[in-house]
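The same chain A turns up in both complexes below, where it pairs with chain B and then with chain C.
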Partner chain A sequence: MGTPAAGSPGRIPDLLVIGAGLAGLMAAQTGADAGLSVRVVAKGMGATHWAAGTVDVLGYLPTDDTPVHHPLEAVERLPEDHPYRRVGGAPRVARGLARFQELTQALKLPYVAREDGQNWWLPSPAGAPRPAYLAPQAQARGDLERKEPLLIVGFAGLRDFYPRLIAENLARQGIQARAASLPLNLLTPRRDVNTVQLARTLDRPDPVERLGRELRALARPGERIGLPAILGLERHLWTWHRLEAITEAPVFEIPTLPPSVPGIRLFQAWQRHLLAQGVRVEMGMAAIGFQAAGDRILWVETESAARPLRHRAGRFVLATGGILGGGIAAGPDGPAREVVFGLPLAVPTERRHWFRPRFLDPAGHPLFQGGVAVDPALRPVDPRTGQTIYTNLHAAGEILAGTDSIRERSLEGIALATGAAILPAAASP
Partner chain B sequence: MFTTSWHSVNLTANECIKCNICTSYCPVAEVTDRFPGPKYAGPQSERFRENGQPHSPDRSVDYCSGCRVCNEVCPTGVRIAEINARARAQMVAEHGIPLRNRLLGRNELLGRLGSLAPHLANRSLHNPVSRLLAEKVMGIARHAPLPRWSETGTLHHWLRRTAAHRRRAERKVVYFHGCATQYYEPFVGQAAVLVLEHLGYQVIVPPQNCCGLPLLSNGEFEAAERYHRGNVARLAGFAWAGYPIVGTSTSCTLTLKEEAPELLDRTDSGTLALKQATWDIFEFLRERAQAGELPTDFRPLGTDAEPLVLPYHAPCQYRAHRVGKPALEILSWIPGVAVRESLARCCGIAGTYGYKAEKYTIAMDVGQELFDFVRSQGPGVRLTACDSETCRWQLEHGTGIPSRHPIEVLAAAYGLYDLEGRRPVVE
Partner chain C sequence: MRTIHTEILVIGGGATGTGVAWDAALRGFRTVLVEKRDLTHGTTGRYHGLLHSGGRYAVKDPQSARECIHENRVLRRTHTHCIEDTGGFFVVTPEDADSDYPDRFQQACREVGIPCVEIPVAEALRREPLLHPRIARVFQVPDAAADSFLATHATAQAARQEGAEIRIYHEVTRLLVEGGEGDRRVVGAQVQDLVRGEPVRILADMTINAAGAWAGQVARLAGIQVSIIPGKGVMLAASHRLVNTVINRCKMPSDGDIIVPIHTVAVIGTTDVKVADPEHLAIEPWEVRYMLEEADKLVPGFSRTRILRAWAGVRPLYQENAQGMESRDVTRALALLDHRERDGVAGFLTITGGKWTTFRLMAEKTLDRACAHLGVERPCRTAEIPVPGREQGPYWLGHRLHEVETAQLQGELVCECELVTRDMLVQAARFNPTVTLDDLRRDVRLGMGPCQGGFCTYRAVGILHELANEPPEAPTGDAQAWEVAHLQSPRQAARTPTPDKRSPSSAPRPRPSPVLERTHPMANPNLLLRDFLQERWKGVLPILWGQQLKQERLDQLLYLSLMNVDHLPDPELVSPMSDFYTRIPTAETEG
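What follows is the complex of A and B.
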């Protein structure tokens, strides 16, 4: 809970960020770091609440099904219009990630990279190894390249985590794993809870002690204990360390089906951190329109109960997400459109060219590779002419063209790298 | 009965992607098994409430408090709280409504009756025996923070008494006070009138009805519609004439802006004019500030060394306006005030929800997050601030610390109002 920065009547912020996913938060942080006054408006909670809570930088190249081991080294093999190349390649990507890591230290939710610069291979909720570049410490403990056998523990009646599925799948891939299940009433008297509610329960000492004792009895010597990612919401590090202390075994988290506790932890801690720097993150505010004079945006309007609310600012960042995040929408008969500024999109206009015939086509679908094309300062351009459209509008994250980030496993990496690159060199101190 | 039509509210159920973010933030689902969460009770159950389907799959939607936190966090714009309100109306139409809910929905009637003899009304209601009886017979929780009728007259009494001192000016604004200000807390209305006059406005306070929200929340849509028509008849003329209609009760103004038109499917020009003319008072003041017209002749309410530490909670009904937290912004401009922003989701009371015996404990459990926040601000906290009346009563009930409407704080900063005694400095 923070104290708002002292303002004065009628003060116009330097920077308005639209969207509160990782790209929007990183853009806001970058503005605040540069001493700008910043405000964030968002329609609802962002992709942090859906995703696994890791930072995936690059798992696969667009044209290749073999996994990438060194994401930063592979950046130069991406097409030129890829957002990583747009912001200046591997060094700029690394700079955004470094700032993020430093920040997560301050948030007491440290994210760690492998020392050799390779991707981690971590168990997915289905028991498949998945590549991730930065992982919260508690997820990194589940590194599948280490040899200690795994004990995957779930809770009977918890709908979003299936330990047997995970263990069996891992075992089929040659990873030594077994499953166990504990009763839900070990943690809560409730019959029907989701992972976030359980995480709040595990912010309290008593349930942590009870869980620790049961786990200690279950685990065999040398095993690592994998749990659903519910180890505390506000006091995650404390909960996790306490469980490792009681069990005297490595304990790790496996992401669950959404909502994502690791993502929500990060979002909430970051939101509080921004608020302490005077940056408000306003929820429930859907940007629906704007006013421009020539090549400058004057204000953005958000929907409210009675009348559009005007947000003036010196500079604007569009971080509303792609198709899933709602930054790009398409009606049943219309073309895909960018919802706030009506920016031209680099997407095949005709609907029949959006998708390839096979759902899991290895080449992906053109629609998902489309988005807003940008210049090197991340300002949207007309994809046909290359002309910059507005001089004070930048775009970051999943809305950008040139990437199919879910296939590439680059969603968070792009969000952080582009969110950190929204300020032209002149505006940075 | 009121027929629910294929209206945009219900259609937003199709936008649900089942991400369960709403369930994770729902303050009610977090503390009780009786409410399975917004996704389940709202968009999911909506599939069974389609035209031609007989009824809701179960009655759990009755445990939705209507706080609208789900709408606030939904990434795809599903109008979950409104879907739930309509589902409750359908339940009331099918199964009837308990006398208790009928009574709680009629805030205006209760206010008016009690104000005939407020001393007597307060003594008859506010004693342990009556409250126990009310719980046993009616199901009104005996510890719930029911308000006291004003014993110094209603807001309209004060306006009549001070008519000669009221500012007359070319610029005019209409004040919508709501039932609580009229009958229980006329001083909030006094503070509002004084501040608006300080900005140079003449304040018109026309006769008005209850906004209808308590009836909407309790599923009595027909009765709510009668109130709403009354307000349109009495206020739309001012809206057409171009006067802003400004309110201090965040849930009343939300109802005029959005809830009544949307839930009751009213698209007449009077409803629309009223919707577009209505402002929360701080939303209005912030707009004035942006135009450079908010006086800044603030007197400090504390010192730099010893500021007035003011925990502020923006009620969920305020956040549902989607205008940000203008009261927080303006209070932070007052020298000597250290505003501490609550990020708690809901105080729990949710209008009449926490008054109901079977829901009182849920409401208190929900409010714990807010009560803990206030306590965490240290023992020196003398006052809290919140824009909504029932929330202030719940805040006082949960923390034992007096609570004020931000407009009272602002009026005090302009030197017009006694924040301790809750009365104008000059009558």
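What follows is the complex of A and C.
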């Protein structure tokens, strides 16, 4: 197939992806890479806008909370119904991640892995080392296994970032760190600001120069400078490189409370990249119904401002997310349900089995471990019989059953690995 | 062991206990109050927030109704800023249309002296469009919404200004009893300071047990049997004000027949179930379901709104010889037990029963009796003297938003849901004794909105951690006058405290809160975080569906995936409250 013409009026796309989180974007990319015509419809943004902006593949074993250092090596120790095992284990997971990494080069937002294949341990906004497999370059610079001491710099009055808390917690874990604070009016005259507004400010040269000079004065020789993740939205690499040049010190980003600047950068760049390949990502279109004939989905209906629209396609990818994304919902009485196709869920039926008494229970909460069960081609199956339900419907990302990805820190890894596996291996380049 | 001498020792820091301390201090007694947790941690902080007109009890319990309407009028004067004058409706729903209760209700209100006017249904629907459209009759009464957290703080501050000493996180471990059989006397109590972990002996001429639902446990320490019937009530908060008037069902008081608009939410209540232990309050699925079904009869669609949280409080119901009674049938009237007359134990009174609305009256009767015992005549003045903060005027819903907008404090908001500013949080932590973030929640409503602490927990921890590391800055002005009177005012909190002329110069100097002491639980940010996350989780567990379920999943993303708070230092540290937050009783484990 030549140039895909997805989205052109009157043309039925080969692939319709429902959902625009990392799983949906990766599925769309995989379709486009394979030369298919692709269209993406989504109710809204995915977890990119909430999360740290790293690719967490596996941070802790789901069984006993043991820290994982080699996520890909640990895949074979996961239960068989884990999404990583479903897609074919470590090699398929690695392939999805490699495609993503290659893509981020093209997006000019390179994500980097450690050379030894281990997890990065990067500072969290609470000062805990958080395990991530791929990180944007500016976050990877905060690698806590490197020895240079850290200077964590915040802005007085910025309510979503607390440098002293981070530095003290890191110091108590044996990492040399101290905190400093700059006035917010160094960047903006506004008091009521969030991280996205500050990032936009740092797309401009003047504020970057001012910030750089202040940081240079603060930092001691040999220190790495950690800042909230606000180093530019559209011109991130330029901003980051410029600050390193002015300060003559390594500068790194620490993720903040939402909105997530690193996540938004990635989403926006990827969306533009897909559009350039003819893939339209359309928001504000919640899938609300469908029509099937036998074991094939014919069309999906979306809600929009004017009137419901029907979208025909050859294949469909369900990447609507789990409970957070709205792909799975539960009312006060009924069981949990998959909202678009009414797929049967592998979830405890009774509410009293959904949660454990402790919010931070290392075993997680059973409801969050549930989801849509799939066959090796990621097609939803009936969890009781194992029978494939529709031959042209695939599911990817957080909606899948088999694990609590937030608990084990695999949210993005599962999204990318499964999003990249929606086509049979042979169809992928 | 440290020993403190006082005239009156009050046990219990709810509405009643603080009311007793205020009354005692106003009558010139040296007074110490001890509370085992934070003020209002018990029943006072776990009710729907109704200032009764008495209408609810007019038919069934006229004595209680009379007490309510009397106190309703008094508290509007003395605690003006803690009360929102919502008014109340008693509505006859289609289910109750054939009953003769409405006529009896109207008659009973007349007899008891409750202003009760029947208004046209159309008028009621115009004022409350979400009310059931097929209600048959509507009666208007002077119900109101009361902020029991703020009112208790204001009462406690009034007591402090008169020289009373309020000690929270001080648990009574022993009552000190002297004398032999037939001539026994309570001379004080040994209490445990739960924060410092040290015992304190308090010797008093008169010990007043105002421990509410826990009063039986306290009396037992003196070998006295007081049978409190803990009547558990479950309440649910809807995410917004579905009504702006208190809505009662016009029928014999029962479960799920009242909706109270309070601050930003509407609360449906309650169940009434006898329980064995006031500490172990299971919220059972049938209770949640039943509340929602009953709420729909008053406001159709209530059950489909976003429910923020469920909680249970326990009424301290008391009736001599109440064996085998259903708790719904036990009187709501106050009960003052004179243990000298009743049990031959002098120096000891128990005040229990009653309602939040009647707390001041309960205190008055108690101190009248105490004066008689102590052989002095000192009149009660609590009905005339307002508590600090009253000058702010009556509470209204737009109060915080108005202040935030006029003072342009949008950039200062730590909790966007409840409009809590950084300064409000800092003032509360600095000048009001604080051990956990939940204590601050009761002070300023931190984390009480739709995100249930999702965003503000981290921010509050970050801010308090910075505060704990700052050198204790000498507070300027009269911080004692400052601390609670304006606890909930964004604009006031943004100003430097100024001297309060009405405050007597004898008031104790401000003591910086223990937040600044490094050994205090408040000084460990990771413990604060874990405690509050767990405390908020406890209250959302029974209602996790729809939007609130989604919200909790987001909170998991933030605290696990983004922050990794379950791998922060000091996982083994606990506060005096950690166990309480983690214990989630179920019907099987209860009592």
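Quick note on the criterion: the second predicted complex is superposed on the first by the 414 of 429 C-alpha atoms of A that agree within 3 Å, B and C clash if a C-alpha of one lies under 4 Å from a C-alpha of the other, contacts with A are read in each partner's own complex, and residues count from 1 in each chain.
Note that in this section a contact is a pair of C-beta atoms (placed from the backbone, for glycine too) under 8 Å apart; a residue touches a chain by one contact, two chains touch by 3 or more.
The structure displayed is predicted, hence computed values, not measured ones.
Novice: Which partner chains sit in contact with A:284 here, chain B, chain C, both or neither? Use first/second/both/neither.
Specialist: first
Novice: With the two structures laid over each other on chain A, which partner does A:330 touch: chain B (first), chain C (second), both, or neither?
Specialist: Only chain C; A:330 stays clear of chain B.
Novice: First (chain B), second (chain C), both or neither: which does A:128 touch?
Specialist: In the superposition, A:128 contacts chain C only.
Novice: Now for A:294: first (chain B), second (chain C), both, or neither, which partner does it touch?
Specialist: So A:294 meets neither chain B nor chain C here.
Novice: So, does A:168 touch the first partner chain B, the second partner chain C, both, or neither?
Specialist: Second partner only, chain C.
Novice: Output check: A:409 vs chain B and chain C. Expected answer is one of first, second, both, neither. What do you get?
Specialist: A:409 contacts chain C only, not chain B.
Novice: Going by the contact rule set out at the top, does A:221 touch chain B (first), chain C (second), both, or neither?
Specialist: Neither partner.
Novice: Specify the partner with more touching residues on chain A, choosing between chain B and chain C.
Specialist: C
Novice: So, A:50: does it touch chain B (first), chain C (second), both, or neither?
Specialist: A:50: touches chain B and chain C.
Novice: If you stack the two complexes on chain A, which partner ends up touching A:192: first (chain B), second (chain C), both, or neither?
Specialist: So A:192 meets both chain B and chain C here.
Novice: Go through chain A and flag every residue that touches chain B in one model and chain C in the other.
Specialist: 50, 190-192, 258, 326
Novice: Would you mind writing out the residues of chain A in touch with chain B in their complex?
Specialist: 1-4, 6-10, 43-46, 49-50, 190-192, 194-197, 200, 258-259, 264, 272, 275, 280, 282-286, 302-307, 309, 325-326
Novice: Which residues, counting only chain B, touch chain A once they are in their complex?
Specialist: 19-21, 23-25, 29-30, 33, 36-37, 71-77, 254, 257-258, 275-276, 278-279, 289-292, 294, 296, 319-325, 328-330, 332-333, 338-343, 373, 376
Novice: Which bits of chain A are touching chain C when the two form their complex?
Specialist: Interface residues on chain A, with respect to chain C: 47, 50-52, 56, 65, 124-130, 157, 159-162, 164-165, 168-169, 172-173, 190-193, 255, 257-258, 322-324, 326, 329-333, 351-352, 354-355, 357-360, 362, 368, 406-407, 409, 411.
Novice: If we count contacts the way the header does, which residues on chain C are in touch with chain A in the complex?
Specialist: 285, 288-289, 292, 303, 307, 408, 410-414, 422, 455, 458-459, 461-463, 465-466, 469, 525-526, 529-530, 533-534, 536-537, 541, 543-546, 549-550, 553-554, 556-569, 582-584
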